[in-house]
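After this come two complexes, each holding chain A, first together with chain B and then together with chain C.
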Partner chain A sequence: MRLQLDRRWLAQWIGIPLLAGALLALIVPPPSAWSVERMSAVLLLDGQAYFGHVTEVPWSDTVQVNDVYYFQDARGSSMNLPLGLQRRGGELHQPTDGMSLRRDKILAIEPLSVSSAVRRAIAVERVLQGAR
Partner chain B sequence: MALRVSVRGLLLGGSVLAIIATAVPALLPAAGEELTPRTVAGRELVDAQVIATQRAVQRGHARALGQLSQVRQLKLAITEAQAAAIERKAKDDLSAVRREAIATVAGLIGLKGAQIEPYVVSTERELDRADLGAEPGVLLAPQLFNVVRRADALLGQIADRATRELTGSGATPSPRPTGP
Partner chain C sequence: MRDAARRLVRVGASLVLAALLLAGSFSFVRWWDLTLPSIGHATYQAVFLSNGQVFFGRYYDRIGPYVKIVSPYYIQQTGDPSDATKPAESRIVRRGDELHAPLPEMLVPRTSLLFVEDLSAGSAVAQFIAKDRP
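== the complex of A and B ==
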């Protein structure tokens, strides 16, 4: 038996669906995460930590972080905490939202629990941004 | 099964794959960010953070008053009337900073115009009565943290300035050793 497959049929029914499926698998989060915001802490080798939405592209040498927050020294303040939370974007050079971090500078990426103090502070910040 | 692919077909396929491989890293973060839901706090959590902010400002205010009080217990080189005037001015300034901080918080939570003054007055009254013992710290939202940070800086400056004026340490600089 001789099976004749033409290139157009292969592309239309195998090649394109395969590519589309691969792209969707990369872009769309798994169903278990659809209704939950995933926030992570990105811990760098130099001790700095950034919090936000982490996107990793497997073949890229950088990791993208969006909606970025970080700790700032608050020793001696009246908050009874040595750290305060800041949103990235208010610095002198006013970076727009999102930053790329080199993989070789990252020590760890850890998901934040829903009840973490950082997530709670960020959730309040969003309310305040909407209230004004 | 014989599958024949021309060089032109291979080049075309390779080009398409290269474009996809280049475009996906650029598009993926933006697409993922658009799809990510945002969690916002409920009323209870916002109220807790607002109260924590006000109490932090009050702690800074109390600390500055404490510094003034300690200096007033010293035997000063200026007259009692001068010292009382400096102290009164400093206390007024400290109260103004606290009031401004509370008004800023009121603005952040959406109060406007005529709503702010009654809010500030009632909050000041509550804070004056509050017991600020050893409370655990609360990680504040960035905008609330900035209110506390700014109030801390101003309260500290006012207390330090009043201390200098009361002790006269600002009038004549201390002698410094000179180099060889």
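== the complex of A and C ==
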């Protein structure tokens, strides 16, 4: 009875706080990222790069990317630029927001810095989309 | 009455202990970042990826599906290989000045990893990184 009580106390006051602290450290972003939107570049093995909010899907072999942007040849467009930023969703098949990427097809994931030109271009694109 | 006071002290002490353990566990995992200890390894490594790219930097093996490369550098080829008058030149570049301006850390899925090599202390690449690293 005494042993059972001690075990309960150990779990309640030691086990749970230790576990909660570890989980919080993994889930809560660092203070430096609190005021800025967390965006990452997902570079694929085939050379394609997607930018967006990356979420790891636990116990799965996929990675979820939301609010996805990518670069496309824009020489044929009215802008006539070698590269144009596109938001995923406006393609012929009109996918909904969110891509599930197979982890074994990903080359690397890189967090974008605050001063990233891509981040600025995404902000401009969002403003333009809001105006449309 | 004394029993109630004793119980209150015990609960208070338990709460303080729990808060300290939570903060300690939080700080430890943040600092640790699930990296596995790399005893006996060199300061910098060359990381060969399955698409043929090579990155140099601090390689950290981690628990989970990703490894981490901190302060990655890569070799950039300049010049036109088809033009004999302009011989190709190679230079080492710090990752971060690209259009998307990534932070100096990369997460690489284990499936994209070909192999990792330690750089010797005399390695020109290692010496360059040691000098250049902010």
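Criterion: the second predicted complex is superposed on the first by the 107 of 132 C-alpha atoms of A that agree within 3 Å, B and C clash if a C-alpha of one lies under 4 Å from a C-alpha of the other, contacts with A are read in each partner's own complex, and residues count from 1 in each chain.
Here is the rule we go by: a contact is a pair of C-beta atoms (placed from the backbone, for glycine too) under 8 Å apart; a residue touches a chain by one contact, two chains touch by 3 or more.
Here the structure is a predicted model, which means the values were calculated and not measured.
Trainee: When both complexes are superposed, which of chain B and chain C contacts more residues belonging to chain A?
Mentor: Of chain B and chain C, the partner in contact with more residues of chain A is B.
Trainee: Could you tell me if A:N66 is touching chain B, chain C, both of them or neither one (first, second, both, neither)?
Mentor: So A:N66 only meets chain B here.
Trainee: Which holds for A:L24: it touches chain B only (first), chain C only (second), both, or neither?
Mentor: It touches chain C, and chain B stays clear.
Trainee: One more residue to check, A:S35. First (chain B), second (chain C), both or neither?
Mentor: So A:S35 only meets chain B here.
Trainee: Mind working out whether A:G84 is in touch with chain B, chain C, both or neither, as first, second, both or neither?
Mentor: So A:G84 only meets chain B here.
Trainee: Which partner does A:T96 contact after superposing on A: first (chain B), second (chain C), both, neither?
Mentor: It touches nothing on chain B or chain C.
Trainee: Contact-wise, after the overlay, does A:E110 reach chain B, chain C, both or neither (first, second, both, neither)?
Mentor: After superposing on A, A:E110 lies in contact with chain C but is clear of chain B.
Trainee: If you stack the two complexes on chain A, which partner ends up touching A:A131: first (chain B), second (chain C), both, or neither?
Mentor: After superposition on chain A, A:A131 lies in contact with chain B alone.
Trainee: Return the residues of chain A at which the contacts from chain B and from chain C coincide.
Mentor: 19, 26, 117-119
Trainee: Considering only the defined contacts, which chain A positions touch chain B in the complex?
Mentor: 2-3, 5, 7, 10, 15, 19, 23, 26-29, 34-38, 53, 55, 57, 59-60, 64, 66-67, 69, 72, 74, 76-81, 83-87, 98, 114, 117-132
Trainee: What part of chain A is in contact with chain C in the complex they form?
Mentor: 9, 12-14, 16-22, 24-26, 30, 41, 45, 49, 51, 103-104, 106-113, 115-119
Trainee: Hey, which residues of chain C end up touching chain A in the complex?
Mentor: Residue list for chain C touching chain A: 14, 17-19, 21-30, 49-51, 53, 65-66, 95-96, 99-103, 105-109, 111-112.
Trainee: In their complex, what parts of chain B are in touch with chain A?
Mentor: 1, 3, 5, 9, 13, 20-21, 24-25, 27-29, 31-33, 35-41, 45-46, 49, 56-57, 59-60, 63, 107-110, 135-145, 148-149, 151-152
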